[in-house]
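Mind looking over this structure? Questions follow.
Chain IDs A, B, C and D follow the sequence of writing; residue 1 opens each chain.
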Amino acid sequence: MMTTLAFVGLGAMGDPMAAHLARHARDHGHRVLVWNRTAAKADAHAQTHGTQSVPLTEIAAADVIFTCLPTSAEVDEIMTALRDRLRPGAVWVDCTSGHPDAAARQADDLNRAGVTFLDAPVSGGTAGAQAGRLTVMVGGDPDALDRVRPHLAFAGKVVHVGGTGAGFSVKAVNNALLGVTLWATGEGLAILGRAGVNLGAALDVINASSGRSNASENLIPQRVLTREFPATFALGLLAKDAGIAVDLTQSVQGSAPVLAQVADLLRGAQRVVGDAEDHTAALKLIESMNDTVLK
Amino acid sequence: MMTTLAFVGLGAMGDPMAAHLARHARDHGHRVLVWNRTAAKADAHAQTHGTQSVPLTEIAAADVIFTCLPTSAEVDEIMTALRDRLRPGAVWVDCTSGHPDAAARQADDLNRAGVTFLDAPVSGGTAGAQAGRLTVMVGGDPDALDRVRPHLAFAGKVVHVGGTGAGFSVKAVNNALLGVTLWATGEGLAILGRAGVNLGAALDVINASSGRSNASENLIPQRVLTREFPATFALGLLAKDAGIAVDLTQSVQGSAPVLAQVADLLRGAQRVVGDAEDHTAALKLIESMNDTVLK
Amino acid sequence: MMTTLAFVGLGAMGDPMAAHLARHARDHGHRVLVWNRTAAKADAHAQTHGTQSVPLTEIAAADVIFTCLPTSAEVDEIMTALRDRLRPGAVWVDCTSGHPDAAARQADDLNRAGVTFLDAPVSGGTAGAQAGRLTVMVGGDPDALDRVRPHLAFAGKVVHVGGTGAGFSVKAVNNALLGVTLWATGEGLAILGRAGVNLGAALDVINASSGRSNASENLIPQRVLTREFPATFALGLLAKDAGIAVDLTQSVQGSAPVLAQVADLLRGAQRVVGDAEDHTAALKLIESMNDTVLK
Amino acid sequence: MMTTLAFVGLGAMGDPMAAHLARHARDHGHRVLVWNRTAAKADAHAQTHGTQSVPLTEIAAADVIFTCLPTSAEVDEIMTALRDRLRPGAVWVDCTSGHPDAAARQADDLNRAGVTFLDAPVSGGTAGAQAGRLTVMVGGDPDALDRVRPHLAFAGKVVHVGGTGAGFSVKAVNNALLGVTLWATGEGLAILGRAGVNLGAALDVINASSGRSNASENLIPQRVLTREFPATFALGLLAKDAGIAVDLTQSVQGSAPVLAQVADLLRGAQRVVGDAEDHTAALKLIESMNDTVLK
């Protein structure tokens, strides 16, 4: 049976994700509608991958709607535009790094239209998106997840982590931990640099030792020590995600002083260094505060 | 030419390290002297591995002296006992997770006796020590390192990271980062747990995502979620090491607010939970502060 | 002209505040309605101070309604119960240490009923309430403030700080600073105590020096060093207020790492020490983390 | 009996302190020797206040030697120059904001020459020094303090706080608390400013409320909101003092995560804003991190 899939938001992540969807659709006789705020990107996607670029309202005809947008606020706008036209029985899979509070509200809203909301943010970066090897963490109804699971063509791993909002919560915590490991490793290297230690050798050791992390193994050697800071994931978005972890702490009345501290330092770095810089450029604030360069 | 090697400090790390030394010595016609505060452990080592258990003063006869003790203070005691008897030209390889300030002083002291000091702490835990796959980070004279390198039989990887004290500095930063990743991941799981998220699933996702670290991949699943907290590396020692990173920050007049906060939280956890508990038991303080259990 | 004043919430703060209102009403020919969840307290207030204890719905008849409740959530409940009966032209003065987000919503809600909302939290503690010397920080329409100003009989000082929510924001920041000064001074005394310094002498010096604060001058000498911890302001409420400052930071996308850290430490102390303990009992967690007693 | 007093270090604090000493000496028939690295300042002091400007070695002839220098390192230099010439029975009163570890060492050193060391740092700033109303916190032998107490002509309050080093420890904690209150109040105002609150009104409220401190009452209104930042106490010195509190925490193996974070943020501000700026200019880093100006 032909299924109509739709993908909204063809950014650095969404564009290759929708390409995997297109490949999957071709293999199984489905079709893929795409929409993007800048229509030219949707048209180009259609041209390149055989998807259909449609007006936003026609997205509502899909059986499965994927959204992948900067924040939950943009998802709200799309949802407002589509809500009254959605097909009962459809599933809305939001791959945005969204907010658990928004998930609760959005799920309620869609539920009234007979549509199921799954929060399904992804991890793996643009490289993972291009390779179709993203990790998808899903909150919401497990049966709905089972129905859409065959269509998660961009995923290398799919994990159901809990009820509505749980996917966004796990993503926020993951990214807060990304922020913590990045920042703390930057601090450690800054003081080692001031002490005259060779930073490449220090990272080599750390990466064979107990203090290693994705930040120390991949991000800092590839992006910071090279001084390249390629802007694939914006500092403003990392600060936003770390802020969602802070909101989660507040919402469960928990105590997470280190996540809290780092979220606010990242926000500060965002102001000093710039929203649109790569997230690893947060370490430029550490460099200023230590009068040193990490190289 | 027969070389006399000596190993002082047959604790959880030193005992298997000295066993690898013994194997190496057998293969190359060297001999290994051992000493331990509790003499019975040295005698047992001699019995099992063919080393020689000797009075402390006889250790001074060695060409290469290895020490692996809890802190630089214990190394100072041994050094005071041996200093006047050491052989000029010998190399003292201190595998303790020591203090950079102590290294400077100890190197000066030994230098006056014609002996070279290398700070050469190790990473890899008791498992790495048993497998002979430790990472050794070495500060001090690179020529002296070249001379002793053939005898580092317990090492999987040896990296020269800088001048005297650089090895201790890198080790302190590595362990501070171990503390940060452990603590921050504990915080993240605590708030996810309060939000009703399945912690095993959350870790599964994080470990396939950008927030992963050695703590999230190995320590927390194996030691915390299992509630085993096997005491292989004491919380008191981790707090000590994180404190050395704080001292280093002070000494270079650097700025490392996250390392600083975590060092003090670990010290607090040590007081609340107990010095001798496994370092992962620091998360029990996070559990109390969040009224939750990480399982 | 007789004005009908109403006071909802006769807790440790509200009871003496409403008493001052009663005195003022007697002097000027007004009347004061009171309501409290536990009706007996309202009846006792009426008996003692000549106010009128009425059913909740009759509160809606007042020209000026004061609320003084634990959190904005309780204000929401009262507002829901009264909204459809309120008198157009009335002013609702919320003295709760409420949430700026709630203020925005509540002001909108009341506006539709022709009622003006002022967020007007107070500072000064139960002593200030009894003396009628509270500081009132007011957000919202300055003309409405001018109309109710003569009735703020419990105030020693009234300051208009900005638009709707500004009063709650300033109160949250004030209480976050209370939390910071309390906690940091506790830390400082803990390490001095471990160093063998006389804590009374140390406080004596600090209070004549640049590090002094209300916490060091009043709270710690009177409540902590005496080991009395009299429960006049609950730790759970201080943690809540510090959390509102965190929410404010998030809402303006600001960077306040120290306020963030302390808010989470206070929340942790609340879990370990107990919600209902006096706010100064937060220092018991510092004591545990330093294995010392502040006395 | 004529006593010879000496004062070394005629900086912004020392110059007026020595002037009070001169007044006291005139009244009681004592004499005052002064020395300063820049001899012209000593000569000018002699001219203006009737003290005697002498070569450094002649300072050793004094019965009571006061030092007031930037750090313990400068005191060490003076002590090395004078040690072999000191009069047995003399008392050395070090008013530097020094280091407890240095105090222990210096006291031992002097003790061998029959001289008693008192660590006696002062608080009150240049205004307090000029008014002769400084608070002096003294560590060391109480009998020695009793002997020199009549000569503390610059003091408004003298408190014996404990053994050798206790004075420096209390001073370090006081200044760390100054740093915390300054920084945290700056954060609070930054987020209130972003929220559109009038900062003067907010401070007015806070200063009548529980979150007030010397920083909120005096420093920020006079130095920050005015944008004057008059350089009377250098940021580099405040960062140094907060660092001494960190060293103290380490030395007693205590837990002070807030003092630790703020010390490192102050050090970072010092790097970004400049060593020689007024300590209140630390808030310029907060301003950058919040893209706002505190005015």
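In this text, contacts are C-beta pairs under 8 Å (C-beta built on N, C-alpha and C of every residue); 3 or more make two chains touch, one makes a residue touch a chain.
Everything quoted here is computed from the prediction, not taken from an experiment.
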Equivalent-chain rotation between subunit D and subunit C, CA atoms, steps of 5 degrees: 180
Remotest chain, subunit B as reference, centres from CA atoms: C
Approximate Å spacing (C-alpha centroids) for the pair subunit A, subunit B: 37
Between subunit C and subunit B, distance of the C-alpha-averaged centres to the nearest whole Å: 50
Overlap residues in subunit C, where contacts from two or more other chains coincide: 249, 253-257, 261, 265, 267-268, 271, 289-290
Pairwise touch network: line, ring, star, complete, or other: complete
List of subunit C residues in touch with subunit D within their complex: 100, 123-125, 135, 137, 156-157, 159-163, 165-166, 169-170, 173-178, 180-181, 183-185, 187-192, 194-198, 201-202, 204-206, 208-216, 245, 248-249, 251-259, 261-262, 265, 286, 289-290, 292
Residues of subunit A defined as touching subunit D within the complex: 257, 261, 267-269, 271-272, 285, 288-291
In the complex, subunit D residues that touch subunit B: 243, 246-247, 249-250, 253-257, 260-261, 263-265, 267-268, 271
